[in-house]
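Below, each structure is written out as structure tokens.
In the two complexes below, chain A is the common chain; its partner is chain B in one and chain C in the other.
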Partner chain A sequence: MPRRNFVEKTLLDLAGAIEHSVYAEELARRSGLLQRIDPRVKVVVLGFAILVAASLRSWPTQVALLTLLVALLVASRIPPGAIARLLFGLPLFTLVVAAPALILVPGPELLRLPFGLSVTTTGAWSVLTLLLRVTASLAAASALVLTTRWADLLAALRAFRVPLVFVLVLAMAYRYVFVLLELLQDLLLARRSRLLRRDENTEQRRWLSSALGVLFQRSLRTSEQVYLAMAARGYRGEPRTLRNPSLAETDWLALSLGSAAFAALWLVDLARL
Partner chain B sequence: MHIPDGYISPATALAYYGATLPFWYVSTQRLRSQLAGRTVPALALFSAFLFVVMMFNVPVPGGTTAHVVGSVLAAIVLGPWAAVVATSVALIVQALFFGDGGILAIGANCFILAVAMPLVGYGVFRLIAGRSPLESRRRLLAAGLAGYVGINVAALLVGLTLGIQPLLWSENGRALYSPYGLDVAVPAMLIPHLTIAGAAEAIVTLTGLALVRRLSPELLGTTTSLPVVAPSSRRGLLILLAAIIVLLTPLGLVASGTAWGEWSAQELEQRVGYVPSGLARWEGWWQAPLSGYALSWLPADASAVQQALAYILSAIVGIGLVSAVIFALRLLVRPRTPTHS
Partner chain C sequence: MNDTTVFELSGVSYSYHNRIVALRDVDLTIRAGEALVILGPNGSGKSTLLKILDGLYRPTSGRLVAFGHDITAAADDPELGYWLHQRVGLVFQEPDVQLFSPTVFDDVAFGPLQLGWPSERIRQAVATTLDELGITHLADRAPFELSGGEKKRVALATVLVMDPEVILLDEPTANLDPRSRAQLIELLTELHRRGRTLVIATHELDLAAALASRIVVFGEREHRPIAEGPPDRILTDQKLLIAANLVHEHLHWHGPIVHSHLHWHDAEHQHEHS
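And now, the complex of A and B:
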């Protein structure tokens, strides 16, 4: 089988990105535990969880945090398969990247390997710590991102006084990412369907640069049109969402319980020293 | 290239947020006055464009492909400030929606790829392009080289950031974050970027500029609706400043990072041979809340029951603290809600 060229690779990446976002939006609409909680609360509590995940130093607290977060994901009706894919992808990559550290980190010998090398206990602990940390951080981030719709997340950012210009740019960038992704997909598909033989590297690069140019021109022109359309519709500049602006009692409960649980884990970890 | 969460310590991540914020502030302020009402749609579309550029698999001589960042191209075509904001937004969308790069690490990734890379690249471009005419070949070569230097500066910064982690955050020889020291992390980042990824970045920057020059020459001339390319001595000064800050960043990280841990000052002295002067000032500030906890909870000869009690006590204290904070927060938030309706 011939090696995939850049057209195929890019097409696959594009399809993956679009599929991911559609799936994420679908998950965020389900009626699970986290979906019912106000996005502002989720940003605070799960943002705190990310910080705690980055700070824990002992494996029992790391495992406890990971368990808690996976339980939250399950309670939010994220399918186990999706959780597994999510939580094994990056950690698996991390394992590959970190594997040499088993030998490279100096320390007492744990296991003797051929060629005078040996796995050290400190090396093994380092890799385990990193793996647990990466997985827990990812679980916390997914719990926030997969259960919150983009518009709600932006409204939450706005509630925390993130400058309006920034939130608006984020909102629109996300929208137009898909317009441009589809345009690029069309360009690539059109090229692939006209291709009979494998093209040369230089030819590929020439085509690539013209695709880049088309995309760039299109984004310039679109930005102008979008601005005019916004101005014509009385653009005043506050993103709107149908969420209730005041927090319900359950939101306060979630805020207290969630932060307390993560804070408790952190303090237990600190007290261990 | 994007640093995921868990590879760097919170202290490093927060230091990077601190370093990035002023650049975000300055660039949005500048763009707001330059682009007037068009700021939002223009930046949004540039960000979306850069996001798509990051998805390209660029064919590199030799048969493989590599991803590019594109922020140097953005800096040359749109101006350095637009490049800072647009790349940052593209990176944030990637982190939040596609899990590329961590959320805590957004500050680090933005500083490296959206501040250091475009500003250094732009500096290199201006240096080499000089006053050469807009349609000269020299400008294209300058762009290619700028992309190459930019991506490698970024790779070096990532290598340094990861490399200082085991130096500063280890416990009894066990690395708490990325386990590789500078001797491994820096070459591991630089070698692929000096070759494959650097070539891809150079190709995209060069051909991108060539294309824009042919298709939208008005963008690069002086009579542009986006006057972000017009040179000025003040901008040159700012870029120089930015470059100096970029060069100093590793030092700054060492200085502020040391303060975080009770354990790392001596270790740093052993390994580096000196303790940064910032240490003395910051040490007291951080140690008070952190090591105060850790030492007073548990005497060295604590029994199992005492330990368990300490754990429970700390959990209760945590719950109490958090409840107090939330109560205060509630008082703060409540009065604001009626103004909404």
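And now, the complex of A and C:
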């Protein structure tokens, strides 16, 4: 297997993005707890959870919030591997960024380090708080994104009065990015199949710019054809959508219970201070 | 089929960027209830003709009448175009351009929404159409998750749901596997039997043999009809088919024997050996 150059690596990563999106849609279609709840309710409740995560100050309530969110993910049949990546991936990066605070924040000494440095209790608490906040916010956002299909998320945006043109553009951009990515992949493979030697970086860059030109041309042609296809079905410049159906009783229940649980954590946290 | 004229083209020409000729002085009449196959090689102007019939391109010259109304200017007149699109549906060759919504359901509902149907009627019509085409299970899928055959079916559903009197189809069986192809032909036959007017652009002879009640052959250099008639006459006229670049001499397998001779395939794979 020849070593991949930067162009190929980037494009294969893009292909990975397509696979990931298909996988995310598959997760969102599973019959889990959150998948059964109306996306509008999820946007409100999990949005509120992110606000609460950013406001909590004591670690027991933060741990309780994180536990609750992880329980929701498990009940929504999100695979343990995906949850583990969520809990240890980005938070680990946050830890690297926040690590200097362990030493720089003044306070009582917790651990003595070489070169006259020491980890302070205050510093350790602030890093832990930040880590828990980031992890909980990420868990809430993931609970929304991983259990809601893209189309439903867009419909939920409409329900919150986000302008229809904006939602339409977002939907079509997401739709056609896949068509263009597939084309880009085909271009890459067609080139690779005819490549008999390792190419230089200059050649790669030249090829990439020409591939982008082809892509741009294709996107222009596609946009023209898509407009014709819309016009052929009666489109006259004014987008229309079906109204969202009303919330079911279970959705109201989820809205009440979810909001109440997160609000309770907030109140307990305030009471502890 | 009856004698009511659906489309009447007189001297219709079209050029892209005023340079590349796609259609030249086309005279054509299409009658209600017929399954007209526009047969021609690539570049003969078939797809352009369908877009003109659907009021999406304005002819460079000539006149186009649909359902007794002059619709030559439909491409520049949104109201006229809107009127036409309620009665005529176009299935594009490339289904990806026709499936632009987040889900199959949204795509099929798009046309009825533009026509201002009430929500309940739209939901009902979408459900019925998906059921008729056997794709109810795809309703919540995103278009990028569909196979080529599924995309074609959904593209057809987006048109059928609007219940048009005329359906224009551009290379409907292109890139389909044998099973999807047979299913689509069966479906189109059924639509024709129910009285829909079909106008099908293709270069595939077996599709023409399976569906056409009349064939119009477009020449690749002429960019206009060079012959027309019933399928049994057109499809057996080898001189015409060769001249129109629809059949050609090539290598052919017969078990272990390889030879070349002039032939074309139809559904029964019949040909003379020299």
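Throughout what follows, the second predicted complex is superposed on the first by the 247 of 273 C-alpha atoms of A that agree within 3 Å, B and C clash if a C-alpha of one lies under 4 Å from a C-alpha of the other, contacts with A are read in each partner's own complex, and residues count from 1 in each chain.
Note that in this section a residue touches a chain if its C-beta (ideal position, glycine included) is under 8 Å from a C-beta of that chain, and two chains touch if they have at least 3 such contacts.
What you are looking at is a predicted structure, and each value in this text was computed from that prediction instead of being measured.
Novice: Is this a clash or a fit when chain B and chain C both end up on chain A?
Specialist: Superposition result for chain B and chain C: fit.
Novice: To the nearest 10 degrees, what angle do the lines from the C-alpha centre of chain A to those of chain B and chain C enclose?
Specialist: 100
Novice: Tell me the contact category for A:Ala84 with respect to chain B and chain C: first, second, both or neither.
Specialist: In the superposition, A:Ala84 contacts neither chain B nor chain C.
Novice: Taking the superposition as given, does A:Trp125 touch the first partner, chain B, the second, chain C, both, or neither?
Specialist: After superposing on A, A:Trp125 lies in contact with chain B but is clear of chain C.
Novice: In the superposed arrangement, does A:Met172 touch chain B (first), chain C (second), both or neither?
Specialist: In the superposition, A:Met172 touches chain B and chain C alike.
Novice: Just to be sure I read the superposition right, which of the two partners does A:Ala151 touch: chain B = first, chain C = second, or both, or neither?
Specialist: In the superposition, A:Ala151 contacts chain C only.
Novice: According to the stated criteria, A:Leu117 is in contact with first (chain B), second (chain C), both, or neither; which is it?
Specialist: A:Leu117 contacts neither chain B nor chain C.
Novice: Which partner chains sit in contact with A:Arg29 here, chain B, chain C, both or neither? Use first/second/both/neither.
Specialist: second
Novice: Using the touch definition from the top, say if A:Met230 reaches chain B (first), chain C (second), both or neither.
Specialist: In the superposed model, A:Met230 contacts both chain B and chain C.
Novice: Tell me which touches more residues of chain A here: chain C or chain B.
Specialist: Partner touching more chain A residues in the overlay: B.
Novice: Superposed on chain A, how close does chain B come to chain C by Cα atoms? Whole Å, please.
Specialist: Superposition on chain A places chain B and chain C at a least C-alpha distance of 5 Å.
Novice: Go through chain A and flag every residue that touches chain B in one model and chain C in the other.
Specialist: Correct list for chain A: 21, 150, 171-172, 174-176, 179, 222, 226, 230-231, 237.
Novice: Can you list the chain A residues touching chain C in their complex?
Specialist: 18, 21-22, 25, 29, 149-151, 154, 171-172, 174-176, 178-179, 222, 225-226, 228-237, 240-243
Novice: Please give the residue numbers of chain C that touch chain A in the complex, ascending.
Specialist: Chain C residues touching chain A: 51, 54, 56, 78, 81-82, 85-86, 89-90, 92, 94, 96-103, 106, 109-111, 113-116, 119, 122-123, 140, 142-145, 158-159, 162.
Novice: Quick one: in the complex, what on chain A touches chain B?
Specialist: 3, 5-6, 9-10, 13-14, 17, 20-21, 24, 47, 50-51, 53-55, 57, 86, 90, 94, 98, 100-101, 104-107, 122-123, 125-127, 129-130, 133-138, 141-142, 144-145, 150, 153, 163, 165-166, 168-177, 179-181, 184, 201, 204-206, 208-210, 212-213, 215-217, 219-220, 222-224, 226-227, 230-231, 237, 245-247, 252, 255-256, 259-260, 263-264, 266-268, 270-271, 273
Novice: Applying the document's contact rule, which stretches of chain B touch chain A when the two form their complex?
Specialist: These residues of chain B touch chain A: 4-7, 9-10, 13, 24, 28, 32, 37-49, 51-53, 55-59, 61, 63, 65, 77, 85, 89-90, 92-93, 96-99, 102-104, 166, 171-180, 184, 203-204, 207-208, 210-212, 214-216, 219, 290, 293-295, 297-298, 310-311, 314-315, 317-319, 321-323, 325-326, 330, 333, 337, 340-341.
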